[in-house]
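In the part that follows, the structures are each spelled out as structure tokens.
Shared chain: chain A. Partners: chain B in the first complex, chain C in the second.
This part shows the complex of A and B:
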């Protein structure tokens, strides 16, 4: 087994044994299931009320859920990926690069015929495998619940869209994991590394999008970004910060995949920005100097 | 006898401090070499350079004929290393920890080799136990096990007896001597414990302020000072002499 594969396997094993990671993973899966449950309850409640008022002859309008893509019930999952998922990924990333520095095993690892890039990218692959399993499990659960809501299994197109959404979420979470790894490598202490990770996460998830959508800050918590005010200062700021607001771009791409009514079908700019962010971060990680892995923590 | 370790004007400077200053040293194959010196003498920096963890700022060195700078990967394949106070991965079992290091070293069938090494060290019992529950002595045995998994020609040990109880010290000493005699592994160790050096090492070097002030076989060193009753007395006498 080469260093890349050994590091990937080892990282996945360490995450499996880490209590913090377990808590975050279960919270995430739980929230995704809750998201589907909320969708199911909403559908049942609205349809129940609609059926009653139609039976009483109070409306002749069609059921508001008629013609709505079953995937729209997944909208809340977009928010959970951004909030809990991204936080989980950042913590997993920081823990990965802090582990060797904390336990003194970095000297053992680096005294073996192991390339820096192989080691770091292997660790990232291990995190990626865990995130893949978590997202796969979440998508599987969503597929079942959405089938229950619609009283029929999802068709091939919707299933593919759901899988594409999971893939998009995986790319975003991997970018956050790399960010966590990088902060873990450059920080002098474990506390600083986790603190910096949280600050970066909140800046990317909240501050940068705030600059781009400042006219309607509440939209930050909406699954699909509301367009910034047109014209004037806000528009100018949004034009500059928009592409940098990776989380907003993720919401935009997720909206397209989940067939949100507000999203522009065929607009893949968001997905490209998210993929580009991951690519750039992976390149930065791959060229990390060897001495960074070795530096012991101050505490 | 060919040199397992050879350094030539090996130097490492940290800002205004010269930690290792033009070190010229040769350790022959099959030796157990003890590098002695006070705290801050440059022992760990020397080991870090020889294990390719730290690049030298001047001079060079070779391990089994491979340059530590030009062929660092080759050097890493030839050496085993146990740093001071390493803790390993507490959440993983002994077997899982060793499997990781075996895989990193490119061992094809790690399980068989791990069992073999643990048998050799008489340490098979705790295979499935988490390393986080191990005593300091047990951790040092994990350290020795990971260091010899890939059958290195040279073993570097940095303060291997640090923090061990007398029983742990004796077990470790016996292991080092056995690895040297039965498998021909050259051992390079940094240590403060002069009694252990007397019982274990075949040759010694003394570093002071980054400079090698003495290097010879243990027998020759002791013979050169017939009026001194122990290595400790010889050490302090050599230490007090002016740097050449």
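This part shows the complex of A and C:
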């Protein structure tokens, strides 16, 4: 077995044995399932609200929910990927690069014929496999729940869209896992590594989008991307911060895949930005100097 | 000096020397400031758009005008309050975790416990130190917010406005102490340090992000951009009458929202700052009579978290460590 495959297998095994990882993974899977149910209850109530409004002759407007895609029930999952999934990925990434440094086994591992890039990318592949299984399982369960809600199994197009959404989410989570790995490699302690990761996550999820959209932090917790503000400095700032707001770009791409009515069909810019972010971060990880892996923790 | 005061003083000195803490708190201050700047810029852009609209109306000879956008200076703090409730809580967890974890990691715990420290001296001393740091941070944030509103928002503030900012500052302090105390309790009670931190973060995710988001998601009016009732051209009295038929759903939604201390803090802060339209421009006494329940809930949560930290931070819990 080569160094890459051995590192990947070892990482997947470590995550399987970690209680911390289990807590986060179960919270994530649980919330993804709950989100479908909440989407269904809310949609049923809103339809009831509309029916009552129409019965009382208060409106002549058409039902705003007529013909919505069954994937609409899945839109809250976007938020759980951004909130729980991203934090879970950051923690998994940070723990991967901290483990050897913490236990002092880096020197032993690196005494073997193992390239730095093979080791780090192998670990990342291990995390990727676990994230893939978690997302695959969540989406599989959602497929069943959506079928029950709609009283019919999802058709091929909707199934493919759901799978594409899982793939997009995987790319985003991998980017956050790399971010966690990088902070784990450069930090002097576990606390610092986790903290710096959380700060970076909050900067990406809240601060960067806010600069170009004037959206408040809590508004950014919604599943729909906030439109860029116009006038004043916002035109110039949004042009710069728009592509950097990876989480907003993810929402945009997820909206297209889940057939959100606010999304512009065929707009793949968001997906491209998320993929580019992962690519850049993987390149940065691959060129990490070997001495970073050897450095012991201060704690 | 009592052993509690000695532990508190030692904690304060340690936190003051912590460069990471300085970076974190600097980040918190920066994002709350950015929020005021963005809010002020958004208002200016709104004003410019209004002036352009008026100009175009005048050119077309029309005399009908919409009301000009009005700046309520304290509303510029909305984003800052939200950052305190989200990021402030996260950093408070880290501070509480660090207070216990550092002793365990550095091996100073056996030495500390070999001294004649009282049963509650360690947790209460550490919490007093953390509360002291949060007090300094909140005072600094309050000054920064006031300066930002005056300097960047170009607004003038009266004594009543300053009083409102101070009240929000005081409850911010209580809210942050609550999260730090919760993290101290969880870190003390778990044998694996990182597990204590992760558990605290899972609770943070649940109460700060997930539960309030669920409440928003379940709001029928949030299902359509711009609002469902607006899209259906329904006035507010008819809206209330219709919603009354869905009381169970609304009760469930409200229960979810009110299960989160974060939501209590948010509602209280928004009421005092006039961000909640029902309380905008109302005297402080009127606001207080409308939201005192939230104040009690935040205080009760804070006291419960401090009591839990004091009770579970025992010698036996602290000494069973796995890294």
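By our rule, the second predicted complex is superposed on the first by the 270 of 299 C-alpha atoms of A that agree within 3 Å, B and C clash if a C-alpha of one lies under 4 Å from a C-alpha of the other, contacts with A are read in each partner's own complex, and residues count from 1 in each chain.
Following the convention adopted for this analysis, a contact is a pair of C-beta atoms (placed from the backbone, for glycine too) under 8 Å apart; a residue touches a chain by one contact, two chains touch by 3 or more.
The structure displayed is predicted, hence computed values, not measured ones.
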{"item": "Which of chain B and chain C A:24 touches, first, second, both or neither", "value": "second"}
{"item": "Chain B versus chain C as contact partner of A:264, first or second or both or neither", "value": "neither"}
{"item": "First (chain B), second (chain C), both or neither touched by A:59", "value": "second"}
{"item": "Which superposed partner A:10 touches (first chain B, second chain C, both, neither)", "value": "first"}
{"item": "Superposition-derived comparison: chain B or chain C, residues of chain A touched", "value": "C"}
{"item": "Which superposed partner A:294 touches (first chain B, second chain C, both, neither)", "value": "first"}
{"item": "Contact residues common to both interfaces of chain A (with chain B and with chain C)", "value": "none"}
{"item": "Chain B-touching residues of chain A, taken from the complex the two chains share", "value": "1-3, 5-7, 9-10, 13-14, 17-18, 99, 103-105, 107-114, 294"}
{"item": "Of chain A, residues touching chain C in the complex", "value": "19-20, 23-24, 27, 31, 38-39, 41-43, 45-46, 48-50, 52-53, 56, 58-59, 61, 64-65, 76, 79-80, 83-84, 87, 91, 95, 102, 189-192, 194-195, 198-199, 202, 206-207, 210-211, 214, 216-218, 221-222, 224, 229-234, 262, 299"}
{"item": "Of chain C, residues touching chain A in the complex", "value": "20, 24, 27, 31, 34-35, 38-39, 41-42, 44-46, 48-49, 78-79, 82-83, 86-87, 90, 94, 97-98, 101, 105-106, 192, 194-195, 197-199, 201-202, 205, 209-210, 212-214, 216-218, 220, 223-225, 228, 231-234, 238, 242-243, 245-246, 249, 266, 323"}
{"item": "Chain A-touching residues of chain B, taken from the complex the two chains share", "value": "48, 51-53, 73, 76-77, 79, 81, 83, 85-92, 96, 100-101, 103-106, 110, 146"}
